[in-house]
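In the two assemblies presented below, chain A is common to both, partnered first by chain B and then by chain C.
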Partner chain A sequence: MTVVNSSTSSAGRRPRGTDRQSRAGIAFVAGYVVLLIAFGILPTGYAVYFAFTDAGGTFSGFSNFITTAQDFRFMDAVGHVAVYLLFWLVSLVVFVVGLSLLLHRLSSGVASKSLRFFYYIPGALAGAASVLVWLFMLDPSVSPVSSLLSTLGFHTFGEVIAPGNLALLFTIIAFWTGAGGWIVVMYGALNNIPKDVMEAARIDGANAWQTAWRVQIPMLRKWIIYMVILAFAAGAQLFVEPQLLSLASVGVAGRDYSLNQLTYDFAFQMNNINGAAAVSVELLVVSVTVAGIFVARSGFFDAD
Partner chain B sequence: MTVTKPSSSQKRVFTARRAALLAGCATTVLLTVTACGGGGSSAGTTTKDGFAQAPQKKDSTLTVWVDATRMDAAKLYQKLHPEVKLDIVSYDGDANGSNYLQTKTQLFNRTGKGWPDVVFSSQNNEASWAVDAGFAAPLNKGLIDDATLGNFAKGANDVCTVNGKLYCLRNDLSQAVLWYNAPLLKKFGYTVPTTWEEYQALGEKVAKEHPGYLVGDAGDSFTPEIYMWASKCGANHITGPKAVSVNTTSEACTKMAKLMDVLIKNKSMSISGVFSTDFGKNEADKVLLMPGPAWFGGAVFRDTLKVPAKQIAAAPIPQWKGDSDVSTGNVGGGTWLLSQHSTNIKAATDFLKWVTTDNAYQGEKAPGYPAYAPAAEVWLTGQGTAGYFASDLSALKNASSQVWSQWGSGQFSQEAIWAATVKPAITAGKTIESQLPAWQDSIVKYAQSNGYKVSK
Partner chain C sequence: MSRTNPQAPARRRPTRNLVPRLLSGSVLVVFLVFFVLPVIWLVLAATKTDQQLVHGNPLSIGSWHAFKANWDALSGFQDNAIMQWLGNSTLYAVISLVITLCVTIPAGYALAMTEFRGRHSLLVATLVVMLMPTATLVVPLFLEVNAVHLIGSMWSIILPYSFYPFGVYLTYIYFSTAVPKDLLAAARMDGCTEIGVFRHIALPLATPVIALVGFFSFVANWTNYFLPYVMLPESSQMPIQVGVGSLLSNVPSFNPAVGTTAIERPQLALATLVAITPVLVVFLFAQRFLVSGMLAGATKE
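Take a look at the complex of A and B:
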């Protein structure tokens, strides 16, 4: 459609080789673009339309945003998600970078390979399934690590999932399921650092710590920012962990915990699809803004 | 990493192409949004039996949604009525407040198709949203005759009634009684308490003489529906379609809270919850007494805790001393709804009537106490013949009409509120009495957020 038109119009201005190349490029990108439109852009447009209209479809300005923000659960949910994001992003950056640096230093091929494999395994479980694994881990009466839990003073599931522990629990679950993939990515990025740079550092007498702090981490910066942007977007949409926990604990913990759960409640329990759309648009705006700030501040798209 | 910088001319081409692409996407978005905005027409309906019926198709397939337990009912109907084309769909029955049915109905309303013809829900507050959503059909305006409706236990269908119209039929009753382990009670030399004062005294005695044994459980999300409801605590008095009166600090509430606090403190009342892994592992064989709904007999003692036959018996739930107005609580009790959108209302009505009233299912096969009184008689006889219980279940029959009527079924879940507000505090060692104001506060907030007018 539009894509084809624009390519033919620009074709005349370029040499033949580039043209063939760009056609191949378009073919590769087309699959992604189709999916992006169908499952990304169209639903987003639909949500924006809902957010600014009422149930009858007439324009209602910001009234959906105001009514949802006035719901008594809204500010609590904002607070929960903010605390969770803080825990999750900090732990992700510190531990993923730390673990991948350690992994990179391991000279033994077998140990390094098997560790990479182990890091990655939890990520291979689908989201909900891995949360279910944790529901067992955290219940002292069935947990394989119940002795550890009781040393920490937890004897029943109810004590483990006390309201104050939730942000930490969700961080642990999310880290366990999500960090492995990032460790593998960071490891790849570390391998990409030119050998001569590392050698120069060594000749200059830099020890492991100095190499990591002054050479490797600065060169990983873009990867770290990339990870933070994606992790922020995913973390702001926290849903599966609290939702499953609330079902498993029969509503004791995790109900209406995150903003995404609140949108679910608005849409399906209070029959307020428009309000739900308003909250999801807010989430989108926040995620895009944060991504924008990170990209602008870091020169993410500048060439090396 | 090295990236070749694009020359300025190429850059312009990219920009132009990107702009074209964006414009294309934007157009597609607009087109789709307008297309989606239109859906859902109500053409061709005729008003009959008190609602607008879709054009009827004789012999069209009947879609029935049931939970795993009610699957037997649908299969039995199919066996007895092979001529009916039945599509039986299994779902979670909305158990534990999953709201699956409500979620799906909202989506079906949006797409304009897909509703089941008849659906079972394990919750009894479905009418509170299903009427607004235009899903549930009124049943007492021509579909089901008054003689049949009159045979349901007194008050059984109150939860289904909105503005004088009946929107669902009750499957089973869940009146609370006092379950007890008869041989154990005899061995310890105790008698069944008839007042809450005696009940508390017995709990204190058990804590001293037989520590570890239990006289009750306060760890479930439905705990308030057993104790607070039976004590006539006005936490959930639905006074109109969108009006509720909430007062959790009256004497009826505080004296029950105090009783529970004493027993929780001396550990004769568990705070685990009867379905928790913890209870099943550590306390299953410690139950001496247990106030609980009718379905505790089968679902908890027989199937979950695996208590052997001839041990569990039922007695009337205790009353406060000097209170002659006998009352008990109620925990759930499923309902059946019929869809307004059904294209085969005749077959749907026939199924609904059979499944709620016929002895072939309700009398002989149903796991819970049938809401339809004649079936309940048959059911009670059947339970006696089966011989699991150590006593007859006449306590259940008497309690079926004693459920305190001033605790309603609103759109917000009382169980979810208690679970999120009071239960964590109990786990943290706080008293229930100290949590009564917070409980009230939370009910009021949830009620208001669901559009209820709240009075105190």
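Take a look at the complex of A and C:
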């Protein structure tokens, strides 16, 4: 990240113009700063405050963190989210990059364009809608792929949503809604690779596989990292999928599955606001650390 | 075509490369089915009876009659709750869209095109908050909103929705790449006020990014589940995503304990369709903008 100290230098040269500009700049960002403080910084501060105090408001050190970590569901939830993130990120990288490369090689522009659009459509079904659709897809009694399900040995909805399958199922749901958008992004990034680079690879006799592996994928690197970071942030906050699944299975599957569900339960079922805040703080620390490293190291977000 | 020996001429001419082409073609088709089949099934399911759904061909079309019956049953649920949820969603999404645009576009503009104290820190804060998962802040937000007695008010979700750092970032990228600073400097020389520069020079140039930020924020707010689930627990205030989720516990095949007020599966499919239609419509119209916007970062030199 490069810090250009242009404000001070130009202030010396054109004091009046810069002064006016500076005041205007502050006025333009004022509304946003208010929202940033109210809904970004303040809740974070609130979470930290509650995490380190007890119900009476006195400082309690790490006791909330210890109590919640000792909750029998906590380690399970951490494990669930970790496995889910692993599946989700790996499938995203492999299939999004693979499909974008294949689409990019299609000679027919129309086919490539319409395929990208069709892949993208489920993005409109993000949130609760995608879960509902997949509850149907996974229920052998109504599923259009029930024969596939029964080949795999699943004959009832209960068998499909066995605890061992959930990470995979949530991955499928998330991939179904999210992958199309990323394919569009990757495809665009592939288009941005300079023509002469591709031409040079072709002249050197590189085949499709070598071109992809040695030229295209390295040039997509920062986009892949960008995707992984945003997908990580989205995946770590898993909530609606297991929550709706637990509604659909009357609590059999998906209850207290993810960390966010746990914060919800702590806060609203067990009346332990401080415990909920402690788990939120843990999630925030992890995600802000990851985001911070990314912003600082990748050079993707040039702050100037 | 060299069907007997497809490998030999493969290197030179991709058009002759039959086996890899078939392979990549079938991969693309398999994923096409994966992405599209559930959507088609969902549309068809809304036109069937529950009987047809279980026993008929999954990809058959039902009847107008069954569709009408499904619609009547769905709108009969809790005295037309579905339309109320749809109205709620529209109200929340539109108000927060307006606030988001009024706040985000000037902020991104100022970050890119003007100099002021704290600009750099604000930019870094925006990047970090943008990459922070919003759902982890739901419980702290609840506590904060609770402290100012706004729980159950629509502002408890509209105001948090209006805070949209990703939009600020997009606007910032757009202005710093697509609009030359000299243009604004020239206008200032001509005696244009700062507000005048923004309104008459910057804003007309910003149409693509306004559409983009608007689209992303609309979709994000429309599909949000966790925040309204916590803030607006009353059925009369639910947005449609939460409402449709709550229908689930009234479907007998999922929850056998439900009595007479049951919702059948085709009606649930229809409700899901109703919930996504506005987003789908916006999707179809905004496709062009989306692609350019998702690539905003890539065009930056």
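Criterion: the second predicted complex is superposed on the first by the 250 of 304 C-alpha atoms of A that agree within 3 Å, B and C clash if a C-alpha of one lies under 4 Å from a C-alpha of the other, contacts with A are read in each partner's own complex, and residues count from 1 in each chain.
Going forward, a residue touches a chain if its C-beta (ideal position, glycine included) is under 8 Å from a C-beta of that chain, and two chains touch if they have at least 3 such contacts.
A quick note: this is a predicted structure, and the numbers were derived from the prediction, not measured.
> With both complexes overlaid on chain A, does A:Ile273 touch chain B (first), chain C (second), both or neither?
Both chain B and chain C are touched by A:Ile273.
> So in the superposed three-chain picture, is A:Leu135 touching just chain B, just chain C, both, or none of them (first/second/both/neither)?
The answer is second: A:Leu135 touches chain C but not chain B.
> May I ask you to decide whether A:Tyr46 touches chain B, chain C, both, or neither, giving the answer as first, second, both or neither?
Touch partners of A:Tyr46: chain B and chain C.
> I'd like to know which partner A:Lys195 touches here: chain B for first, chain C for second, both or neither.
It touches nothing on chain B or chain C.
> State whether A:Gly57 touches chain B only (first), chain C only (second), both chains, or neither.
A:Gly57 sits against chain B, while chain C stays out of touch.
> For A:Arg297 in the superposed arrangement: first (chain B), second (chain C), both or neither?
A:Arg297: touches no partner chain.
> Chain A residues in contact: does chain B have more, or chain C?
C
> Which holds for A:Val250: it touches chain B only (first), chain C only (second), both, or neither?
both
> Which chain A residues contact chain B in one complex and chain C in the other?
Common interface on chain A, chain B vs chain C: 3, 6-7, 10, 33, 41-42, 46, 139, 141-142, 192, 247, 249-250, 267-268, 273, 303-304.
> Of all residues in chain C, which touch chain A in the complex?
Residues of chain C touching chain A: 10-11, 14-15, 20, 24, 27-28, 31-32, 34-39, 41-42, 45, 53-54, 58-59, 102-104, 106-107, 109-111, 114-117, 119-120, 122-144, 159-160, 162-163, 165, 168-169, 188, 194-195, 198, 219, 222-226, 229-230, 241-242, 244-246, 248-249, 251, 253-255, 257, 265, 268-269, 272, 275-276, 279-280, 283, 287, 290-291, 294-295, 297-300.
> Spell out the residues on chain A that touch chain B in their complex, using ranges where they run on.
Contact set of chain A toward chain B: 1-3, 5-7, 10, 13-14, 33, 37, 41-42, 45-46, 49, 57, 71-73, 139-142, 156-159, 162-163, 192, 247, 249-253, 255-256, 267-271, 273, 303-304.
> What residues of chain A sit close enough to touch chain C in their complex?
For this pair, the touching residues of chain A are 3, 6-7, 10-11, 17-18, 20-29, 31-33, 35-36, 38-44, 46-47, 50, 95, 98-99, 102-103, 105-107, 115, 117-129, 131-137, 139, 141-146, 176, 179-181, 184-185, 188-189, 192, 205, 207-208, 223, 226, 229-230, 233-234, 236-237, 239-240, 243-244, 247-250, 260, 263-264, 267-268, 273, 276-277, 280, 283-284, 287-288, 290-292, 294-295, 300-304.
> Report the residues of chain B in contact with chain A in the complex, numbered from low to high.
That would be residues 1-3, 5, 9-10, 13, 16-17, 20-21, 23-25, 28-30, 32-33, 36-37, 96-99, 102-103, 106, 110, 129, 132-133, 219-221, 271-273, 275-278, 281-282, 411, 413, 415-416, 419-420, 423-424, 427-428, 445, 448-451 of chain B.
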